[in-house]
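Two complexes follow with subunit A in common, the first pairing it with subunit B and the second with subunit C.
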Partner chain A sequence: MNSTSSTAAQSQPPSRLANHFQTIFNSLVNTVAIPLTGISVFLMIWAAGAQSIDTSLGAFPGPAAVYQQFGKLYLEHNAERAKADAFYQRQEQRNNQRLDVDPDYTVKVRSYTGKETFADQIATSLVTVISGFLLAAFIAIPLGIAVGLSKTLNAAINPIVQIFKPVSPLAWLPLVTMVVSAVYVSPDPLLAKSFLTSMITVTLCCLWPMVINTSVGVAAIDSDLVNVSRVLRLSALTHVQKIVLPAAMPMIFTGMRLSLGIAWMVLIAAEMLAQSPGLGKFVWDEFQNGSSSSLSRIMAAVIVIGFIGFLLDRGMLQIQRLASWDKNSAAR
Partner chain B sequence: MSTILDITGVDMAFPTPQGDFTALKGFNLKINKGEFVSLIGHSGCGKSTVLNIVAGLYQATTGGVILNGKEVTEPGPERAVVFQNHSLLPWLSAYQNVELAVKQVFGKRKNKQQTRDWIEYNLRLVHMDHAMHKRPNEISGGMKQRVGIARALAMQPDVLLMDEPFGALDALTRAHMQDSLMEIQHELNNTVIMITHDVDEAVLLSDRIVMMTNGPAATIGEILDINLERPRDRLALANDPEYTRLRAEVLKFLYEKQRKVETIHDKKNTKSQPLNGSEQAA
Partner chain C sequence: MKQDGIVRVLIKRSKLAKLTTALAVLTITVSPFSHAEKLGYPEKEELTFGFIKLTDMAPIAIAYENGYFEDEGLYVTIESQANWKVLLDGVIDGRLDGAHMLAGQPIAATMGFGTKAHIITPFSMDLNGNGITVSNEIWQQMKPHIPKMADGRPVHPIKADALKPVLEKYKADGKPFNMGMVFPVSTHNYELRYWLAAGGIHPGYYAPHKGDTSGKIDAEAFLSVTPPPQMPATLEAGTIYGYCVGEPWNQQAVTKGIGVPVITDYEIWKNNPEKVFGITAEFAEKYPNTTIRLTRAMIRAAKWLDENDNANRPAAVKILAQSNYVGADYDVIANSMTGTFEYEKGDKREVPDFNVFFRYNATYPYYSDAIWYLTQMRRWGQIAEDKPDSWYRDMAKNVYRPDIYTKAAQSLIAEGLMKAEEFPDFASEDGYKGLQDDFIDGVVFDGKKPNAYINQFPIGLKQGDVL
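And then the complex of A and B:
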């Protein structure tokens, strides 16, 4: 009797339990196992392919070489930081000594001028891309709203946008460089010229997708919602604030994500071309350097550039989820 | 009863590439305070055009609308509109949708507490107080339309304009909404102009039914006074001979005097004839 009841108890729940495990297993396979397999296959092909490519700078780096290089880049960064710290310590000591001897001495503080490390270049590029993007958003979103609201303004501005949109921002770069050099003259500049040049180039390429998407989003507002606003006699400002902005929000974010993606790609190229500090310069310097580890260092930079681009897009998506009422449009 | 709304000699022509299209010609109507008027007619006869002119969303080509002794030149909250597809702002909750209207119309004339009470009162009126803080995409079509009505009522309009308010709802929900509307009307005694396609709805709700001729150059065909006693009950009316007579009057106007349906029949006949011919040939 005992044995029959136990078999009955076993035969029922296990099927349900097994089902449960089956679904967990399936989702694990889909979210973890399959992507991991994809990555490992890619790494294997890369490793195998790398061995058979010989360049004048040695064999093409495989995954292992690039991994090692990440460690080296990290150590170099730490070493450079230690040097900088030592420099500032020495400077302070020296200044204190001179103050002890002569209390009227005006202290001179000089900043450390050592080589920028990989981490410094990443930080520079990130700051540049974000400032350029924000500047563009600051111009493009109000402009896009105005263009979307006014057919006249749209007719006036649309041809200009259409002409400038397909221009590679790199074509702008020489012009921007010269204009920045000519206009931004200051004996003690707050921002480096190279930073301004990169940032403005990024801004120029960010503008158009944001203007276009914002204006399309604004122009496509349901006419009934516009009528609601007219019946309520909302002022122009309240109309934009309460009706236009929220209604166009999904399209504005689409434009911003497009822009940010383009901005990151363009920035790296601009840094390479203009030799302004950043990841692009790191890549170009390594290429010019031509040591046996150059290729693996460039490959490490490539991977970092990809990761940052991915994170920027995810970050934008996250902001969209927080800011936009339309959760469906933020799903992708 | 005094005339609150006076529509006089209204013509409406829309410019098209082929010349002007005259939608309305010589439309005259006086509406008394507290009256419930339905506009009925076939699709495309210019019912919505009349409503949009009263709302101020369109400007009449000639003639005009006078409300409370003042000419209508632009839209305004004293002529609140209930749109066919609710037109709630999808990013705001039911409460916030009504709040936007209340804050805009009353502004500083109501303090915080009064504003909140007034919003909640109107939502209670349409039986939406249980789902005040839901967004439009979280509530059903009927509920959305209820909020749309609450928003319009909250503006305390002189005239409430309703453009096929229940047209997009299923029959049961529509009946519910009609009963609700009668209840609210009993309590507030608003002046209402409602566009409808539904003969029963028109007879059940209205004090007068304005029947429009077919466009182009549509105008008023007949006006039918509905002197059924209020409050009205749809079940009791179903067997009321007066109700049946009024219903028949509207149907007669729509399907005998304005025979728009006939032309559709003709088209069908002409379409089916060649088919018969080919069958015979085969």
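And then the complex of A and C:
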């Protein structure tokens, strides 16, 4: 993939130039043509298979139906935005009218109360997953470092981690819902309860891989490095900063990537079950609607969910490349 | 403003409020609008209401879409809920300010059958609107037992007598006859039981004092809970042979060709009270103006829905077909909402009162309606012990709140938005509908004598009976 630039190629003798074009061609075939063929074969199988599956909501949506749905979702989004603008205008008028009669009134602008569009749901899901993930990272990485540094702490915490790690988000969800609604009581909450519930569920599920990977990474530091630190008599904080963190970075990031993937899967399930806003709710609502376009809309959501999951993973990989001194580890 | 969606979820109250205040003050336009406000401003302006995807949630959707909520200074977010339990819990724990509820829910909650919480209802949402559907297989077996009209179509209403021989056959084969309803205290449960029992089929007793809340004691037909939108799928899967549910889920069975509606609840009990709007007693106490105002908005919506002989129904169906409301196909919802009901495929009949939102004082929360539900709870053992007639009366008064309704209606009349003749005569109304004899089995219901009423049924617990 790291082919030399074309200016460099011009200075090469002709035979090597031909050779060079050959490599470019090969890499083009590998990176573009083959995946494209794969996708088109998949689309063909999908289209052919979809026709032969007849559900009670009509035929299973093929690629064309899903493509159309994307267009419709976009139009709905625009229509909703227009309604939102009208809503704010009406609200401003109403507030002004009230100020005329009731000058003491403190005007408040309320957010649009209409439905969330597909784009809104995507944004909500993204914000939720990232907040849940960051909260988990904030807890898990320091904890993992501590566990990795101390054998005693490791022995104490390891069983707990091992037991909670395989727990499905769906098992946590009822507990989280009840706890959030009991503990988080405020007349005018800054964060919606449904958001907190999904976020905490995500956090609980993606905490563990990060703890484990960080601790393993920290525990596996080359003893030479630890000895250097001893010889230099580094303070505990400097030891963590200069020796532990850089050395454990690849493992920490591996844990984070794993966690982010889990977080995204968990979130969709949690939204679906808790009916909190987001892509999961979109899917569930469409299933409940049972209209003739429901299946194609769900399929559109499935594609978007997959695509976002992919982008999240790539994004994490990119951050890992930037942050890690060991460039090779990122390729894993 | 493009990012509202996220902002709304994350931050309920805009931090820009102060800035916008300044802007709003700057842009004051002198408006001619000034009407003598007798009713105060709402104490709570931002509200979240829950609903289940059924056409009878229409008053909420219409009050929103037609701007009636906004006219009251209420900013309402409407959220669909997964099932009746989630919805009720939402209202109890404050996630929802109010919701479209089964009439039995506020009563059962206040009584403590299921989750205990004091829920009240200032507004009754509609009359009728349910149906009983059986699978194609059952329908074929029922058909020979149903008398036919001259044109070969079956005579309606179809009684459960036609189902009885089918059920006997299943019983003889050792197959349990399973049917679906939407919630233990739902109208649908009581209607299905009423219909079955009127045809001599025992639907089973509850015995909460013995910890039995499945309602299958002595049952010949076994009723279980399925969320409304999942009914057709469950019927198709063969888990149940029939169900009682609200629209559009009966019509959808016809459209999908998986079942046949045999009777509407209009034929089981003409103009029976259906959903109510439930809020906590605490909410009504804390926010009296908000409560009256939301009731006003929904009264106006109900009136709009029934205006000029259902002239607005097609427009209403269009709104309900949006994916954030009921979301089913236009044609499916339109079937029942526009005054027709399709039984077998092609057998479409006029049922102009299938969905009533305002006529016949549909929105007034009658005590006698609450008492009818209480009598059915007693009949099927959900209320385990005998209660005196006064207990029924007090319970109804605790939950149904015509006083709030009356205030809302009177202020609408005072403002000229409605006319006095559109409502019951508030001066003389005592909250009891009087004798009602429009039941499929001809038994007469007198809301003032609940115990005498339940004693009339051949199947069901009577005064003095304890399981």
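Quick note on the criterion: the second predicted complex is superposed on the first by the 297 of 332 C-alpha atoms of A that agree within 3 Å, B and C clash if a C-alpha of one lies under 4 Å from a C-alpha of the other, contacts with A are read in each partner's own complex, and residues count from 1 in each chain.
Following the convention adopted for this analysis, a residue touches a chain if its C-beta (ideal position, glycine included) is under 8 Å from a C-beta of that chain, and two chains touch if they have at least 3 such contacts.
From a predicted model like this one, the values you see are computed outputs, not experimental measurements.
> Return fit or clash for subunit B versus subunit C, each positioned on subunit A through the superposition.
They fit side by side.
> Answer with first, second, both or neither: which of subunit B and subunit C does A:322 touch in the superposed model?
neither
> Counting residues of subunit A in contact, which comes out ahead: subunit B or subunit C?
C
> Tell me which partner A:108 touches in the superposition: subunit B (first), subunit C (second), both or neither.
Only subunit C is touched by A:108; subunit B is not.
> Does subunit B (first) or subunit C (second) touch A:81, or do both, or does neither?
second
> Which of the two partners, first being subunit B and second being subunit C, lies in contact with A:246: first, second, both, or neither?
first
> Which partner does A:286 reach: the first (subunit B), the second (subunit C), both, or neither?
second
> Considering only touches as defined above, state whether A:224 meets subunit B (first), subunit C (second), both or neither.
It touches subunit B, and subunit C stays clear.
> When the two structures are overlaid on chain A, which partner does A:237 contact: first (subunit B), second (subunit C), both, or neither?
In the superposition, A:237 touches no partner, neither subunit B nor subunit C.
> Considering only the touch criterion stated at the top, classify A:183 as touching first (subunit B), second (subunit C), both, or neither.
neither
> Look at the superposition and give the distance in whole angstrom between the closest pair of CA atoms, one from subunit B and one from subunit C.
Here the least C-alpha separation of subunit B and subunit C stands at 40 Å.
> What part of subunit B is in contact with subunit A in the complex they form?
For subunit B paired with subunit A, touching residues are 55-57, 74-77, 79-81, 83, 85, 87, 89-91, 100-101, 104-105, 135, 155.
> Mind listing the subunit C positions that touch subunit A in their complex?
Answer in residue numbers: 1-14, 16-17, 20-21, 24-25, 27-31, 33-34, 37, 41, 45-46, 53, 64, 67, 70, 73, 75-82, 86, 93-95, 229-230, 232-233, 236, 252, 256-258, 321-324, 326-329, 332.
> Could you please specify the touching residues of subunit A with respect to subunit B in the complex?
Those in contact with subunit B are residues 222, 224-225, 227-228, 230-234, 238, 242-243, 246-247, 249, 325-326.
> For the complex, give me every residue of subunit A touching subunit C.
Of all residues in subunit A, those touching subunit C are 56-57, 81, 84-85, 88, 90-102, 105-113, 115-117, 119-121, 123-124, 127, 181, 188-195, 273, 275, 277, 284-292, 294, 297.
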